[in-house]
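Shared chain: chain A. Partners: chain B in the first complex, chain C in the second.
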Partner chain A sequence: MNGDKLKIALYWGAACGGCDVAVLDTDEFVLELAAEADILFWPIAVDGKYEDIRALPDGALDATLFSGAVRNAENEDVAHLLREKSQVLIALGSCSAFGGIPGLANAVTREEILERVYLDNPSIELGNRTVPRTRVPVNGTELELPAFYPRVWRLSDVVDVDYLVPGCPPAPERVQEVLAALVSGTLPPRGAVVGAAEKALCEECRRRKADKRVARFVRPWEIVPDPESCLLEQGLPCAGPATRGGCGARCPDINQACRGCYGPPPGVQDQGATLVGAWASVIEAKTVEEAETAFAGLPDVLGIAHRFTLPASLLQRSCR
Partner chain B sequence: MSRPPLPRIGVFVCNCGTNIARTVDCEEIACAAMEWPGVVVARAYKYMCSDPGQEMIAEEVREKRLDRVVVAACSPRMHEPTFRRALASSGLNPYLLEMANIREQCSWVHDDPRAATDKALALARAAVARVVRHEPLEKRFVPMNPATLVLGGGIAGMTAALQLADAGQPVTIVERADRLGGNVARIDLTAPHLDSARELLLGRLARVSMHPMISVLLRAELEQLEGYQGNFTADVAVEGASRRLEIGSVVVCTGYKEFDAARVEGLGYGRLPDVITSFELELMLKRGRIEMADGRTPRTVALVHCVGSRSEEYHGYCSRVCCMTALKYGHEVKSALPGAAVVDLYIDMHAFGKGCEDFYRKTAEIKTLFLMYGKNAPPVIRPAGPKDDCNLLITLDEKLSGEEIEVPADLVVLMVGMEPREDAGRVAQLVNISRDKDGWFIESHPKLDPVATTTDGIYIAGACQSPKDIPDSVAQARAAAARILAKVAKGKIEVDAIFAEVDAARCSGCRICGTMCPYGAIEYDEEQKSSRVVEASCKACGCCAAACPSLAVRARHFTDEQIFAQIEGVL
Partner chain C sequence: MAFEPRIVGFLCNWCSYTGADLAGTSRIKYPPNVRVIRTMCSARIRPSFVLKALAEGADGVLICGCHPGDCHYSEGNYKTLRRQVLLKRLVAGYGIEPERVRLEWVSASEGQRFAEVVADMTERIRRLGPSRVEMLPSTRRAG
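Right after this comes the complex of A and B.
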């Protein structure tokens, strides 16, 4: 092993694996990366055990890319472990950066989730009362499962994080840029959001924009959007105005409203609240009834507006 | 690099005689304030806004080299300008002041002295925390283009144009029709003095067309208006060709149109040829012959008031000129056809104008039969039968007698009310002004600012603002001209130092803010693909700053940091 080579790790917490796929989607670049750096740990692609990492001295890894949110004790333990062993810790993807899609589970409590998934679900065998527990006796020994936390956390809620790479998943070109900067040592000062733009998505969206007036929000199946003009003006709840740019406007380019996966623009703390404010600003309603009609096309405001950032919002989670 | 010096804040607590001191312990606030970071002097005084009070502030600013001032007194709406002047007189930028309202928000609304004093302390602390983050702001000036566009060349538009032009300022009248004069040109004599409308107009028409400072565009449409007060650009289409005008102000004088009498079915307008509108009678009067459809001379002429006005179904408002116009017709019919009878059907007789009550009395003297009908119960008109000795029969619930009666008539004149023109909504949008529930343009303040609008540089005059007679239309037109001349005399427009700014480095060009601005102060730059605030039009309402999802808009003097500091100061 060449001592000058970078040592890096990739890990996934509560994630779908899409961020790992985004790394693989850099195509031949990932092979170049493997040539430039030793990937010591990467559950999806490289064989390796937690013990191998524990055996390393602190700070032995040059960098770790951690995708996924923190949902259970294992996610948190590994986060601490990798933090200790890494010079640079990068939260890769919106789950890790903001809580992401798994973070939407914060809209309900841990008990409600367990009830729904294991007890009160049509596909469950009648009479089955098996619910995951941290300790289970099996054939005389005791098995241990990671504790399922009452809520989802962002990576930065449990350990110090050096960089955020937003996106669900981050665009492969952006991932490649970040990895290239890592290899060449040209990452900006710690604390930055990297692999993204400094303005909201509308800036890079190619659609024609006018002053916005929305009579009524529509569900995606209700209209065939005009391909030239702004989708929000057509009543689709586009998250672009309150979403950091960087993806290249992937969704508007294929006639889909932005879902907000790149998180809030610089300086904005609560993407969902900001979005609701922006949407409320452009509806044409003069009375409460008109406002209700306008918003009837948004059946799940929390889910739509906070789709990727509920754990990072001012609300954070259900308090029932 | 040297550290910024600590702020030097003065806190001035006002007793307001006993208004504040009765409930709030002002001395306690002054004592406590001395302990707050940055405060170098804190004093309570009887009347802070009095000359000695202001002088005290100015003196302390000079002596203690204060760089921030907090006045805990009344509402800033009351005396913020006073204290800003006091700061300015001592050489301090006036925006380095913050007021804590311990009168309207404390002493006037609370009885418990302890609780009121605690609240006053919290507000004063918040003001101190906020004032530290104040920045010195400078007023700005933009040039004032002396030229005016008058939209609509009726009596109001011509009057405004003449007054401006007589003062030496250039005016362009943009008139849609092929001649000037508006609705007054359709009138024969005017109530209550029975002067000829034609003569009223002719003199003005001659002066307008000869005036070197007035240009008249007939068959012209305003297509677009851009810019802000003092600096508008108007695109006007004149018979198909487009013209661009640079102007500083706009007076909207687009007037009214008459109510469509056919909408009130029971009156038979459109079905019965001898039921006509007031304007149709005016035409007969101008031609000099009052006649029925078949050419015969009517023996009884009935006048029906309030057609389309003061009703639940059509317009709730009074059209203000119909009552006196009906009386005028009484006179004109009597003098043209001395033998004819005049029947006047009214709801209430509105004779409020100067000389109008006398006019009413005179009409009663010429033997007009006055009958009263109820609001929302208009008379019903039907053709008379072959045995009747008349052309039409009018049925009504007569309120004075309390009986349902039938009145014969040969000719019925409907006093149609006024309503906003069909395109009033489009005009309002073009010049960015609002309309009331009935569709009339809204003035800036119904009593104190009747010809200005919420958009600086746009004025309204005449019947486009609400139904009006000629004297009121003329008065408004002259008022609007005077307002403009006052600005032209200054030569430049002062822009308040408090306005919103867009940080182009943050703006994504999403255009959320554009719809939010009630004053049309936000422009979108197609080249830069970002929005910007026109300082001269911004009223610092803050809507855009609240709406911008990129935090790109900064409301000067109401920045997030200032407001958060204030909130933390209260907590």
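Right after this comes the complex of A and C.
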């Protein structure tokens, strides 16, 4: 980077703010970052308007960290704007990288969502049929809302992205490593997944794997898992076999099955498809009926197997 | 133009592919709607192969393996069967009729049976109509 102070931006599209909190969770480091770099735009923590970014020359920002998926026209417009203004664009967190939790909305249609949220909902005032519109005339002027897209997109579906930092949210230690590499100019060549491992989570999980079969899958509330042995071998749909490591196995460490937030490991294109194979490998059924019984504890396969990666999956969205 | 189902067939080498071959050499007539891909064992057919076929426009996917107990690699077809149950649920989650993904056991001597399976599946998919999976754009796009 040049001798001047680094100029960076952080932005959130369809996000919960957890990735911003992960940046703040780097504790004192965030102050060091602020000393090393001018943070020109960061809606959650720093004042700044879209106009300020529009006024910058193209490429004026050394880097932007974009968290959140692309759900509406505003998300996409700002993604294009920040892409133009940034030398390096980093997708921070699983929503930005794979669609994430907001991406689960791709299992239903836009119409179903609007119906459920604004029309067919017990908390809606009787007879109220107000549904958001992109343009609304009010007192002689017109108010504008960003268009709600029919589906959720990853950041890389709408602009070129230089790096992916997976995690929901990314572990603060990993975020710190990535930011430190950015400041020192030591990020790997563009296109890399950074702040994560190159192997599946099972490799870093400390649990004992015994190559054991289970009679059936269980819901998390049905058992108190043994703290030492593999959770999948106890019937919990652990996503570890098809999830990229790097988080430090934080969930298995507290007796929770991995939910898959780091997305697929290298070489795996479709996390859910690979999980289907991994989960099927631990039961013993020899007939379809036996398999149905063993999998009774796994009702929403799409939602569990693609909890964070539905828009990044081979089929991307429901075709209902 | 009348709808002609496009079905991708994954057939294991040892039983089902030989069975399909027998259907051919015995000159049994069956619909030409299945594009056959030979694999060493039905267990080689990863769920992602099936999803990829569907994503790229297949109206149906037929998986054929040896009868239970007869897999050349002893247990492969049981693995296929276990996966199939979850794979169908996954596919249903995408709003795709699970009947579009079908698993059948066809032995090397069942040329007739292979022809019947293909005829039956082609007919069922013809009735379901074309897949509603949008051909996914290779370029980016929003909206």
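Throughout what follows, the second predicted complex is superposed on the first by the 316 of 320 C-alpha atoms of A that agree within 3 Å, B and C clash if a C-alpha of one lies under 4 Å from a C-alpha of the other, contacts with A are read in each partner's own complex, and residues count from 1 in each chain.
The rule is simple: a contact is a pair of C-beta atoms (placed from the backbone, for glycine too) under 8 Å apart; a residue touches a chain by one contact, two chains touch by 3 or more.
Please read these numbers as outputs of a predicted model, since none were measured by experiment.
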Most chain A residues touched (candidates chain B, chain C): C
Partner chain in contact with A:Val23 - chain B first, chain C second, else both or neither: neither
First (chain B), second (chain C), both or neither touched by A:Ala15: neither
Partner chain(s) touched by A:Val78 [first = chain B, second = chain C, both, neither]: neither
Which superposed partner A:Ser281 touches (first chain B, second chain C, both, neither): both
Which superposed partner A:Gly267 touches (first chain B, second chain C, both, neither): first
Chain B versus chain C as contact partner of A:Leu315, first or second or both or neither: second
Contacts of A:Gly245 with chain B and chain C, given as first, second, both or neither: first
First (chain B), second (chain C), both or neither touched by A:Val301: second
Chain C-contacting residues of chain A that also contact chain B: 274, 277, 281
Residue ranges of chain A in contact with chain B within the complex: 198-203, 209-213, 230, 240-242, 245, 265-268, 274-275, 277-278, 281-282
Of chain C, residues touching chain A in the complex: 46-48, 50-52, 54-55, 68, 78-79, 81-87, 89-90, 92-96, 131-134, 136, 140-143
Footprint of chain C on chain A - complex, ascending: 70, 73, 76, 107, 149-150, 153, 156-159, 269-270, 272-274, 276-277, 279-281, 283, 285-288, 291-292, 294-295, 298, 300-303, 305, 313-320
Complex contact set, residues of chain B against chain A: 505-516, 524, 529, 543, 546-547, 549-551
